[in-house]
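Quick one: this structure, given as structure tokens, is what I'll be asking you about.
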Amino acid sequence: MSALKSRLLSWEGALLVLLIGSWLVAFATVEGFSGTSNVSFLLLDVSEIALMAIPLTLVVITGEIDLSIASTLGLTSAIIGKLWNAGLTIESIFVIALCVGAVCGLVNGLLVTRLGLPSLAVTIGTLALYRGLAYVTLGDKAVADFPAVYTGWATGSVGPIPKPILLAAVLAVIAGVILHATPYGRSVFALGYNEEAAYFAGIRVKRIKLGLFVASGVFASLAAIVYTLRYSSARADNGTGLELAVVAAVLLGGVSFFGGRGTLPGVLTGVLVFGVLRNALILADVSNEVLNFVTGLLLISSVLAPNLATLVRNRRSRTLTPPLMEGNPS
Amino acid sequence: GGTTKDDTKTEAPVANTSATADAGAPLKEGLKIAFLPKQINNPYFTIADKGGAEAVTAFKGESKEVGPSDASASSQVSYINTLTQQKQDVIVISANDSNAVVPALKTARAAGIKVVTYDSDAAPEGRDVFINQASPEDLGRTEVQVLAKQLDYKGKIAVLSATPNATNQNTWIDFMKDELKKPEYKDMELVKVAYGNDEDQKSFTETQGLLKSYPDLKGIISPTTVGISAAARYLSGSQYKGKVALTGLGTPNQMRKFVKDGTVKEFELWNPADLGYLAAYAGGALASGQITGKEGEKFTAGKLGEKTIGKDGVVLLGPPTVFNADNIDSFDF
Amino acid sequence: MSEPTPVLALVDVSKSFGAVRALRGVHLDLFAGEIHALAGENGAGKSTLVKTFAGVHRPDGGRVLLNGEPVVFHGPADAQHAGVAVIYQEPTLFPDLSVAENIFMGRQPRGAFGRLDRSAMNAAAAELFARLGVVLDPSGPARGLSIADQQVVEIAKAISRDAKILIMDEPTAALTGREVQRLFTVARTLASEGCALLFISHRLEEIFALCRRVTTLRDGAWIATETVADLTEDDLVQRMVGRELTELYPKVDVKPGEVALEVARLTREGVFTDVSFTVRRGEIVALAGLVGAGRSEVARAIFGVDRWDAGSVSVEGRPLRAGSPTTAMAAGLALVPEDRRQQGLVMELSIERNMAVTGMKKLRRGPVIPAAAERALAADWAARLQLKYSRLSDAVGVLSGGNQQKVVLGKWLSTGPKVLIVDEPTRGIDVGTKAEVHRLLSNLAAEGLAVLMISSDLPEVLGMADRILVMHEGRLTAEIARSEASEEKVMAAATGRRGAAA
Amino acid sequence: MRGVIERLGRVRELGIVGATVVLFLGTGLSNSGFLSIDSFRDILLNTSIIGLLAIGQAMVIITRNVDLSVSSITGLSAFTAGVLLADHKGLPIAVVVVACVVLGALWGVVNGALVAYARIPALVATLGTLYVIRGVDYWFAGGRQVNAADMPSGFLSLGTAKIAGIPVLPLITLVVLAAVGWGLANFRSGRELYAIGSNPDAAVLAGVPVARRLLTVFVLNGAIAGLAGVLWAARFGTLDATVATGKELDVVAAAVVGGVAMSGGVGSAWGAALGALLLTSISSALAVLKVDSLAQYAINGLLLLAAIILDRLLALRVAARLRKKSRERSTETGPKVAEVLG
């Protein structure tokens, strides 16, 4: 554990250093970066990713994954548009939207926990399904005329901090406490490492996973509300492909894809690192292919760095730790 | 209580009507003009923006092309924001989502940046002028006419479009449907609108599907460069070659092979390079105060000569070129 | 007498893991044809030594000699090529592959075009099992085998290598008398064929029965290497523990109270049938039987880990819902499972987390768990069980096998259960600790706890149980009171020879 | 005398076969055209590329890893093929094929090294290289598009040519399938892949050269992706930097639908190929069934789920029967634990 902890700490530390470092470099070299308005653009751009990354972190820690979040976002957005055209009050629409997300998550959760299907396969399926339903709902139309009060809220900010980000921050703190300090969080880690042992210890494995999938859906629909409002545009294809960005952020944040390992602060730092680099590179007129490139390298180095460290350590103590410990499920 | 659709009224365009045009003013030098296409590395826009760059160098400005690699609705917004940060003089944009970009564009204009849309318009309050490649009405109707001639006004036809949300394609298709209502088309029937998502492979399989499910299909209109080439490629390799007519929008280089082997008789397209070129000059004129975007104002667009701003700030590029075996070799784009 | 050179030898070898010095200056020579015992408490360093022989660990200091020549094993593959075969303490099987392929992985018999010859492979495996006298389907999957069967497969794997050196780390921990005897016969044959064997066990009688020489370790240090014949069990314990051993089966007699656990006609399709019995407060009831009799399955069904198809279970008169460990725990049940790596512990989590995982509700202050309380609880039980550890925040996985078992016990005892089910509670636990655990169990019983103890260790069963239930092929075949219990009676019932039990 | 694993495995694949048959009959009823030779030809053609990728992916997943970068490798390879053919007229096609396969293999080396030696979880490593390789592709293409017209018709005809009435592309896929399928089932090295996926640590102790095997697997998969790229170029003719974007999920889906468990150690190349066939048949069927284009995505997803669920139910059934029969005592959680991703 100590080794593990230090590894984690070292990784979060490294991320933080990376974040501050890239921030300073951009601040010094990229003109237009330092403006407060730019800071809020930067943050606003990652607000949906941040929102969806929060529950996904927990989901991945339990050894599952949810690739359908971006499609859930699309479906919710489409339904928001449909209902808005139908003349419902925006407030009631928000409530319905959250329920839609909950249902989407519930479907994923039931398929994974009750039928014991691999979540990757299931959520690839629902990725297609939910996006499809979005098209069925809103077709090729786009709904734009949302009330200025709310679109204003979504684009508005307190000081340099956009309101959606504040929302995300509050939720993140709550989730962080739950994950790192409560019995629920302990159970999440335990079953992430060894589902069977957790089950033998009387942890309600299925219920916990189900709950997390539902949460993932709800947060996705929350992200949908933010997205729809800040672009004041409800469309069936909103957020297409966002899932990989979120997964990338979570992994960059040091969450082990095989479950059991990861922290929320790490993930949020990861999200910010992405935001800063993207923004800075675009400002510096770096072409899009380089953006792809950097994203990829970042992702790889996110694990390469700590691994090399451990590898070196092992060289010294000349112990052959069986490789791919990572690879061990449950 | 609560807010419903009826409570919201679309706010009036913030077009800076206060400003007055001075047609005489010279084109400023050193203008910073940025091109923001739907998607970077998309051949069509690459050509268009080359044309734009040519124009900008012509009036001694500096131009650049930035943009997302995915043509998704909102990915343009962060680029608009950064361009605003960089205090460009003009943003020339082809909107992926006519609404989603508006808030950002408003901020840009509030910061004194002129906004020109080309190829695909944004909501009027988001831009000063729109450079229209060809009036949607002309396009929609001519496509049908061209095809009808080829099948002498008889038989089932289908449309192979881009994404279900593509604004241009959808307006064109509406005009096609309207054209088809006319009596002379009574023997023609539009059986299906398929979507190839501007993906080569999807368009290819969709064409297959069309011909499977409608064996008696006589013609296909594909108003997108990706779609038409994919469809043409399937036809040319299948037993339908020459039996099923195909027309739509395509670039000569993509279609040359199929025009020569007889898969396709005719297709149309405007010259993308000219589109970018005109957009650049419009931007220059705006930034130099020659025009403000009001109807009737005039400006000279280099080799394209004088252009007049039409209703709600729309500038027409002119009628599209029709390509066929005779003229195709004289074009290279 | 001029000693021949040892086939494999450790000279002044030391190995540490961070703070833990698992081995310091250990000497060991293995001679062809001898069966050499390695004794030591939990955490003494036996498995570490084994892993150094196997090329898993490379020593920090000292040398490994093969036929007198220094060698460096860069990995298990090297060791295997050098003719070293190892049975690891923890089974290392491929659950998705067939039993036969598990045995012959990387050495599968091949036919034309390097195509591997499955029938030949299965035949060879069947032969090995026959030699070990066990019934196992070579083409069946390894997933779902009991610990015991897994151990059998491991043994088959090792002897199938016809290695020059065979190292066995607690191979008998999971086995019952019959399999052990078989294993010993095989071992003796191998030795007579000139193979050198290293044998580790916490069952001293086995060491005396099988081995010629014994090397003892204490806290990673080499204590002695002597001829078994010149030793008494007490001497050996003395070497291992460094003190006089207290009584091994400190059973205190208690007056059984009212019924705490009642199992009625419990049945699970194809696993066990019509199992009925009761356990009273203060009683220790042993569930004995041969490997595969289905004892663990009964335990798992009672605790709700597996569903049952018919019958009922009630704790203090209140019936339990089928298939819900959570309600079972709420009703006061606790199960110390058979397979500590897969079921008992979360290897990657710290000792304290593992201890607390069953008692989180109790530890909770408001919504959160105070780390201090968690640590206090863990520290308390670590002390009571005399756990060997460097830091409570270390991952349980780095503890020695026996110490891991203690953590599992602590984790369940800390819930203050009414009924405690222990499946092989002292498997892989050294004599010292064994005595501790036994005293713990009987004290708990004395305090009114009802204990159901599954064990393959007959002396333990006879020494600790007030009543002995015997299972055979998924059915209860006998109930024997402490007073008239004897090895013969139990074995008779366990092997299904009815008459004897009556 | 075959083992339970194989028995289970066979059943798993039978499930997919069943689903595919049902799909064909169902669609055939409403539109007999779907059952025409011609349409089978098209479906085979459409399957060949995804199928090829799925076969490679199966190898990787069996070792409890995954390779998401295949789509990018395919894209890069396809564009490279296009450029080679367009800019160097008269370059023998064989040379182009070899070049692309080698290109793919090289990226495979990168993936393999990252996973096997730097010990980065495959998902992270290959998600990373997915971005990196696509970046390289964009940089290389820089907005250029290679059109059918620029490539020799001899090459393009590959996409449509037939041998004995069967198109060439599916034949190529079949050859690869036969090779991989046989190797996985019958070579020691093939079996070792299952061992690695089933229990990596035990594999090390059993003396399996884990790192070397993993490297090989990724290289092979990369090479296959490279080959797929060439086929893509031949079949679709229009090539730019976006070729095959997003296909990685389809490929993984195909493998998983085909009964290759993400938790490693289970599945076969045949299953993966069948999975690919099922998925492509579904989309072809939808196009044929005059389903409203907007509803197609939804139904696609629905059917995908249906396929997985069906497969799962069959597996559970067999497990139950086994338990009753041979006193098999796999734990209640056991199978689920096995199914848990990674």
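A, B, C and D are the chain letters, set down in written order, and residue numbers restart from 1 in every chain.
Convention: contacts are C-beta pairs under 8 Å (C-beta built on N, C-alpha and C of every residue); 3 or more make two chains touch, one makes a residue touch a chain.
Quick caveat: nothing in here was measured; it's all calculated off a predicted structure.
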Chain whose mean Cα position lies farthest from subunit C: B
Centroid distance [mean C-alpha coordinates] between subunit C and subunit A, Å: 43
Centre distance in Å when subunit B and subunit C are each reduced to the mean of their C-alpha atoms: 74
Rounded Å distance between subunit B and subunit D, as computed from the means of their C-alpha atoms: 37
Of all residues in subunit A, the ones touching two or more other chains: 135, 139-140, 196, 199, 241, 287-289, 292, 320, 322, 330
Multi-partner residues of subunit D (each touching 2 or more other chains): 138, 201, 204-205, 264, 294, 331, 333-334
Touching two or more other chains - residues of subunit B: 40-41, 69, 164
Interchain pairs in contact, sorted by label: A-B, A-C, A-D, B-D, C-D
In the complex with subunit A, residue positions of subunit C that touch it: 17-18, 55-58, 60, 74-75, 305, 325-326, 328-329, 335, 337, 342-350, 353, 356-358, 360-361, 364, 367-369, 391, 393-395, 411
Touch list for subunit D against partner subunit A, complex: 64-65, 114, 116, 118-121, 123-125, 127-139, 196, 200-201, 204-205, 210-211, 246, 249, 252-253, 256-257, 261-264, 294-302, 304-305, 308-309, 312-313, 316, 331, 333-337, 339-342
Contact footprint of subunit D on subunit C as seen in their complex: 54, 56, 75-77, 80, 86, 88, 92-98, 100-101, 105-108, 110, 114-116, 118-119, 122, 137, 139-141, 143-144, 146, 269-271, 292, 294, 297, 300, 305-307, 323, 343, 474
Interfacial residue positions of subunit B with respect to subunit A in the complex: 1-8, 10-11, 40-41, 64, 66-70, 72-74, 77-79, 81-82, 85-87, 97-100, 102-103, 123, 163-166, 170
Complex interface listing, subunit D residues touching subunit C: 1-5, 186-188, 191-192, 194-195, 197-199, 201-209, 264-266, 323-334, 338
